[in-house]
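So that we are looking at the same thing, I have put the structure below in C-alpha cells.
As written, the chains take the letters A, B, C and D, and residue 1 is the first residue of each chain.
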Amino acid sequence: MTVDLRLAATTAAGEAFVARCEKHAEDFATRAAAHDRTGEFPVENMNALVEDGVTAAPLPPEHGGTGLASVTDLAAGISRLARGDAATSLAVTMHLGPCWSMSRSHRQALLRGDTVAAERLSLLLDQIGREGCMLCGAGTEPGTHTRFPQTEARRVDGGWLVSGTKIFVTNSPVATIFNVFCRVRGEDGGWQSGRALIHRESSGLQLVENWDGLGMRATGSHTLKLTDVFVPDMLMTARGEWGAWSVPELVHSSAGNLAQIATYVGIAEEARDLVRGVVTTRRKAPSGRLLSERHAIQTNFARIEIAVATARAALERTGRAWDDLLRRGDDDIALSEAHDLMAEYQITKQIVERNCIEAVDVAMMVSGGSGYFNTNPLSRHYRDVRAGPFMQPFSPLELFEYVGKVRLGVEPDVDL
Amino acid sequence: MTVDLRLAATTAAGEAFVARCEKHAEDFATRAAAHDRTGEFPVENMNALVEDGVTAAPLPPEHGGTGLASVTDLAAGISRLARGDAATSLAVTMHLGPCWSMSRSHRQALLRGDTVAAERLSLLLDQIGREGCMLCGAGTEPGTHTRFPQTEARRVDGGWLVSGTKIFVTNSPVATIFNVFCRVRGEDGGWQSGRALIHRESSGLQLVENWDGLGMRATGSHTLKLTDVFVPDMLMTARGEWGAWSVPELVHSSAGNLAQIATYVGIAEEARDLVRGVVTTRRKAPSGRLLSERHAIQTNFARIEIAVATARAALERTGRAWDDLLRRGDDDIALSEAHDLMAEYQITKQIVERNCIEAVDVAMMVSGGSGYFNTNPLSRHYRDVRAGPFMQPFSPLELFEYVGKVRLGVEPDVDL
Amino acid sequence: MTVDLRLAATTAAGEAFVARCEKHAEDFATRAAAHDRTGEFPVENMNALVEDGVTAAPLPPEHGGTGLASVTDLAAGISRLARGDAATSLAVTMHLGPCWSMSRSHRQALLRGDTVAAERLSLLLDQIGREGCMLCGAGTEPGTHTRFPQTEARRVDGGWLVSGTKIFVTNSPVATIFNVFCRVRGEDGGWQSGRALIHRESSGLQLVENWDGLGMRATGSHTLKLTDVFVPDMLMTARGEWGAWSVPELVHSSAGNLAQIATYVGIAEEARDLVRGVVTTRRKAPSGRLLSERHAIQTNFARIEIAVATARAALERTGRAWDDLLRRGDDDIALSEAHDLMAEYQITKQIVERNCIEAVDVAMMVSGGSGYFNTNPLSRHYRDVRAGPFMQPFSPLELFEYVGKVRLGVEPDVDL
Amino acid sequence: MTVDLRLAATTAAGEAFVARCEKHAEDFATRAAAHDRTGEFPVENMNALVEDGVTAAPLPPEHGGTGLASVTDLAAGISRLARGDAATSLAVTMHLGPCWSMSRSHRQALLRGDTVAAERLSLLLDQIGREGCMLCGAGTEPGTHTRFPQTEARRVDGGWLVSGTKIFVTNSPVATIFNVFCRVRGEDGGWQSGRALIHRESSGLQLVENWDGLGMRATGSHTLKLTDVFVPDMLMTARGEWGAWSVPELVHSSAGNLAQIATYVGIAEEARDLVRGVVTTRRKAPSGRLLSERHAIQTNFARIEIAVATARAALERTGRAWDDLLRRGDDDIALSEAHDLMAEYQITKQIVERNCIEAVDVAMMVSGGSGYFNTNPLSRHYRDVRAGPFMQPFSPLELFEYVGKVRLGVEPDVDL
C-alpha cells in the first residue's frame, strides 16, 4: 500500500482530463517504439484524442469542451499521457496551449462585454470543438530568436500577405491552423509584433517534411515555408512593439508552457518504473540476489526518486501559482506580476528538465547496459528527454539572464 | 508589484502562526549576530515565543493553543522565523515537534474514546499551554544510531531508572521536559524501544554545556548525562522492538521533521535577499554600473532563485502530502504508507538541504568577498545552513539507502 | 597563436603512433556518419590501421611493431583517432589492449629467462605483426559480472571445451582471436579463472550479429556463442581463483583501460570544436552579432573547456602514474600497489566519462537546436559518449565501492 | 604498500623545496587551531620559513636562493605546507609569487644584457635573500576590479606620491615591501597601470588590522591605507595602459597563481586523511563494525578521492604547461599564448577550488556530526577552503567569461 505522489488534478474538469490521458497512454505505449523508429507522426493517436474530446477539454462546454481552466490540471494530464508516448504528448500540447488561451480570451471578452471579440473567438472555438480543428504554434525561425520573428506580414487589401520560414513546427502533420509569429510595419515605420492564424490549405503554404531529430522523432516538427500567404484581417492580431513583452503574451503562454515540461516528468516517471521493474525481478551471479538487494542499486534508485520528486514539486507549485494569478483577468494583472511568474516558470523549466534528464540518465546507469540497446525504451527516453532545454521560452542560454533580470528588478530583455 | 512565492499557510490557525513568526523574526534579527558570536542561547527569544503563544500553537484551544495541525503551515511559519534567527528557529522546532505530536495523540485518544490516555496527555498539554513548559528531544548518542539508543531504562518500583549520554540536545538550555530515546529489556529478554519524558530538575540529570559548533551556535545543543534518573511509569512509553519501525513513530515525527528543514529555507531566502540588496545598490569601477546590471551577477542570481524555488516546492509538496495522510488516524495508516511518506520526507530533506546550501554558497560568490567577513551575516548563514545534513533522520549516509529500499519494496532497514 | 593542450606522447614511439592516429582520423571522419546510420562495422578503417602498422604499434620491432610501451602515449593516440570516428577508435582499443599486454608479457618472459613462455608469446605476436591478426576481448556475460564468468571450460584430452555466451563483444566483426574469460574446475573442485584464446574459425563458435546500440553503433559489439569450442592447452591460461584479483590482471588491463576512456576525450574535443566553429561564424537577429559575442555563449563555452580540461588532466596524470609503475616487472609490483593504481584508474574513468558527457551536453545546449538533428554530428557524439559508464571495469554501480574499499584499506571485493 | 600520488617536484631544486615544506607542515600543524581561533598571524611560522631558506627558494643561488623556477614544483611544495597550516601557506605564496617573478625578470635581464635592470633587481633580490625581506601583493580595492586600481600615483620630484586603499592584503603583518597596483596619468592624459614597491616603514602608510574572515583567519589580510606615500622612481614600474593585458603581467603571475590554489589541494588532502583516520578506527552500534566497513562510507569516501584526484591532476597538468612555456623568455611569448595559458589557469582554478570544496564538504558528511564541532579541524578546513573562489584573478563571476572569450577568439576583456 503506497501513497500516490503523481501530479494530480485540482478540479473536476481536470480529474476527467487526467483520467482520459491515463487511459490513452496505455494504448499509445503499444505504438511508441514503432513511431520512434520510423519517425512517422502518430495520426491515429491524435485522432483518438480528438474523438475522445481530449483536444477540446479547455473549451467552454457550449463549444464542446469541459472548461478545463487549471494549468496545473492540464500539466498533470500531459504527464500521464507522456507515459505512453512522449512524442504524442508533446505534439498535442502545441494544440492545447493555444486552445486554452483562446478559451480564456473568449471568457474574458464575455466578462468585459466585448461581444465582437467574443463572437470572433466563438467561431474559432467551434471549429476546434465541433470540427476537430487542430492548432499548432509556429514560432521558431532559423537565424533569430522567437521573440523577434523575421517572418513578415505585408498589408494588402482586406488582409495581409505573410512570408517566411518556420522550423521545429511540432504537430504540423495534423494541424489545420498554424499560429504564426510574424512582424508587421507599424504606422510609424517601426516593427510591430503580429500573430497570424493560417489555415493549412492556404495558397503559398508549404510543409517541408524534414524533421529528423535525435529524439521526439514522431512529433512531426517539420519546416513551414510561407510565400505570400494571404491572411484576412480577422485572423491577424497585433501584439504591440516587435519583441516587446505584454501581459497577455506572458499569461496566455502559461498553459502551453507548463504542459510542455509536464511531458518530461512523464518520461522520467516511465524510466523510473521501467528500471524498477528490472531490478526487482532480475538476479545476477555470483550472488544470485535480486539486483534490488544491492546497495548501489538502492542508493542510485534513490537518486532517480529525488530527481522525479524535484521535478514534480517544482511543476506543481508553479502550476498552482499560475492558477492563482489566472483567477484574475488579464487587465487586472500587472506586467511585473506576469514577469514574476514567467520567471518562476523559467526556473521551473530548468528544474524540471534538468531533473528529468538526470532521472533518465541514472536509470540508464542502474539498468546496467541493457538500457543502451535501441530495443529498450530507456534509450528512447534518453533521447526524448534531452529535447526539453531546446524548447522556448527559454533555452538555458537565455533563461538564467531573464530570471536574474526579473528578480533583480532590471529591465527583463535578454541580450540577444 | 511582485507575486509572493514564500511558503504560506493553508489554514486559519496556520496563517496566525505564520504572521506571529514573521513578526518575531524582525525582532530576533537584531540579536542574531551577537548570539552567534558568543554562542549564548537566545533565552529572551524563547520567552517572547512562549509569551506570544507561538510555542503553544499546536495545542487544542482548550489547552491554550490554536489547534495548528497542518505540518505545511508549521513549516511555513518556521521558515519565516528562521529569517530572523536560524538558531532560535531550529531550537523551537525541537519543542514544537513533540508538542504537535502530543496534541495529535490527545485528539486521537478522544476520538477512539481512550479516556485514560486522553487524561494523561491532557496534563502534559496543560503544562505546555498554561505553564509554558518547553519540550526537547534527546535522541542522538555518540557511538550509535538514533534508532538504536544505548541509553538504558531499568525497571524499579513504580517506574524506571534511566542512564546514558545524549549529544546534540538542541534547545536544552530552556527545555523543562526532555524526550529521551532509550531501550529497555522486554519480557523475552530482548531490547525494546522506549521514550522517557524526563523533567529538567530530576536528580541524576546533568547538562554539560559543551556546544561549540561551526554554525547554529546559539541552539544550545549541549550534552545531556543521565545517571539513574527516576522516571515514573506514566512518563515512560514503550515503542515496540528496539530499532523497529512503527506507524506512530513515523507519522508523529512528520511535524518536527518538516519544521526542521524549513529553517534552512528561511536561511536561503535571507541570503538571497541580502545579496539582492547589495547588487541592486552597489556600483563598481571601472564602469560604475550597478552590479545588478552585470550579466554574471544576473545569471548567478538566477542560480540562487532556482535553488530557493526548488527547496520551497519540495517542502510544500511533501507537507501537503503529509497533511493529506494525517487526516486519517494513526490506526488507519498502513506501515507501508508511513514509510512511503517518510521516504518522501527524506527525499525532501536532501533536496531542501542541498539546495539551501547551494543558494547560500552562490550568494557568497555573488557577494564578491564581502560575504566572507565574519561581520557579514552571509558568513553566518554559510555556517548555519551546513548543519542540515547532519540532522536525523537521516543523514545523507543513510537516506539514499532508506529511500531506495522503501521505493524498491525492500525491507527498509538501513545497514548500520 | 595558441598553446597545444591536447593529450600528447611522451616517447618517440608514442609520437609516431599519435601522428598516425591523427592522420587516419581525418579520413575516418568522412565515413563516420554513414557507419553510425547503418551500424555497419568500419572494416575499411580497420584495414587501413592494420596496413599502416597502427594495430601492431605495441609489438616489439622484431615482430613488426614499434615497441610502444607507454600507456599515456597509447591513450593520446586513441584520443586523436576518436576525433574522426569514435566507434573505430573504441573497437581498435579492444585489440590494442591485449596486444600491448602480450608484448609486455613477452618482454618480461625474456627478462626473467622464461624461454618457453617467450616462445609461445612470440608465435602470437608474429600472428599479429606479420599476419594482421586482430584480437578482441570477450568478457561480459548476461546475468553475471565480468569477474565471475559463467562461461565454462571443461578438461578434455589435449585441451579444453569451452561453452558460454558473451555479449558486447566489441570489434568482433574483424577479430581473428577472441580472448574469452571463463571458469574451470580446479583440482580441489573449486572454480578457477581462465582465459581462452579462441580462433574465429573454431568449430562451435557462432557470432550473433545483434548489436543495435543507442550509440557506438559501428563497433560491432555483437553476441558470441560458444558451444564446446576446443581450445588447445597452450591457448588457455589459468588465472588463479575465480573472481580473485592478481597483479598481472590488474596491471595488464591498464593499457586497454586508458585507451578506452581516451575515446571519450576525443569525442568531447570534437564536440567542442564543432560548436566553436558554429558560434564563431554564425550571426543571429535581432542584433546580428556573432554568437560568440554573447555572454551566455561565452560562459557556457567555458563550461565545455573546463570539462575537457578536467578529462585530459585526469587521464594524463593517471597514465603517467601507470607508466611509472610499469617500469617495474609484474613480479616487483605489490598487489596493494596494483589495486591503488587500479583505483586511480577507476577514479579517472569516472572523471573522464562524466566530464566528457558534460562537455557534449553543454555543446548541445550551445548549439541551440541544430545539434539535436540527426544530421548534425553532435547528436551522434551525444549518443556515443554515453557508452562510457557501461564499460568494464567498472560501471559507476561498482566503482565507488571499489575505490572506497581500496583507499580505506578494506578488502576490495565489490559486493555483487 | 601504496603509490604516492601527491603533487611532486620535477626538478632537484623543487624536491628540496617540497621536502622543506613537508617538514615545516608537521610543526605548523601544532599551532594551526590556535591561530585560527585568535586570528593572530603566525609570525613564528614565517620566521621559520625565512630561516630555513624556504622564502628565498626562487632566488638565484648567488642571491641566497636555490633557483627554483618550476611553477609545478612551487605548487607541489605549497600543497604540502598547507597540510600543516593553510593560512601560513596562503600568506607565504603572497611573497613567493613576486619573489619568483623578480628572479625570472633578473634572469631575463641578464640574458638580454640589460645590466641596468639586472642591477636594480639584484638589489631587491639581495634584500630578500640576505635580509629576509618579505614581499606582499596589494591589488584588491573596494569598489573596483583588481585590474582597474583607483589607487593613484602622482608625479613629484624624483618619484611619486601614492594614495589609495587596499583590502585583503594577505601577509601584511610581516611584509616589508608591498607591491601596490596603482594607476598614473600617462603623457596623453589617459590612465596608465603602475606597480609601486612600497617599504613598510614609509611615511603615510597605515596598516589597519581589521581582518576577521570566516576562514583563513591567520593570513593577516588587513587593509592598507596609503596617503601620499613617496615612492622613488626606481621602485615604480609602468605597465602600459590601465587595465590592459601584457605578456609579462600574465606570465609573471603564474607562479603565485598556481601556488595559491595549491593551498586548497593541501586542505582537501588533509580533510581526506583526517576522515580516513576516523572511519578506519571508529566502530558504531548496533553492528559494532568499523565505519569503513559500511557501504555508504566507502562510496562517499570515493567521492572525496575523486575530488582530490581531479584537483591534483588539473593543477599538475597546467603547471607543466606553464613550465613548458616559461622555458622561453617573455619576449618570445605571444600575447595570445599567454592568454591561452592564463585561461587554462582560470579553468584549473575553478576545477581545483570547486573540487577541494567538494572534498571537504563530503568529508564533513562522512565525519558524521563530529566534524561540525569547532574543536574538529574539519570545521576549520570547511571555512578555509571556501576562500578560494574569492581570490583574484578571477572570481567565478569573471572567469567563465574570460575563458570563453579567450577560447572563442574574442577580445578577452571581461565586462566590468
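Here is the rule we go by: contacts are C-beta pairs under 8 Å (C-beta built on N, C-alpha and C of every residue); 3 or more make two chains touch, one makes a residue touch a chain.
Please read these numbers as outputs of a predicted model, since none were measured by experiment.
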If chain centres are mean C-alpha positions, then the most distant from subunit D is chain A
Using the stated contact rule, I'd like to know whether B-C or B-D comes out ahead in C-beta pair count.
B-D
Distance between chain centroids, defined by C-alpha means - subunit B, subunit D (Å):
41
Inter-centroid spacing, subunit C versus subunit B (mean Cα positions, whole Å):
51
Using the touch definition from the top, which residues of subunit A touch two or more other chains?
295-297, 299-300, 400-401, 415
Please categorise the chain-chain contact pattern as a line, ring, star, complete graph or other.
complete
Using the touch definition from the top, list the residues of subunit A that touch subunit B in their complex.
1-3, 5, 276, 279-280, 292-293, 295, 297-303, 305-306, 309-310, 312-314, 316-318, 321, 325, 334, 336-337, 340-341, 343-344, 347-348, 350-351, 399-405, 407-410, 415
Subunit A residues touching subunit C - in the complex, by the definition given at the top
140, 143-145, 148, 150, 167-168, 212-215, 243, 283-287, 294-297, 300, 364-366, 368-369, 372-375, 379, 382-383, 386-387, 389-390, 395-398, 400-401, 415-416
Subunit D residues touching subunit A in their complex are 295-296, 299
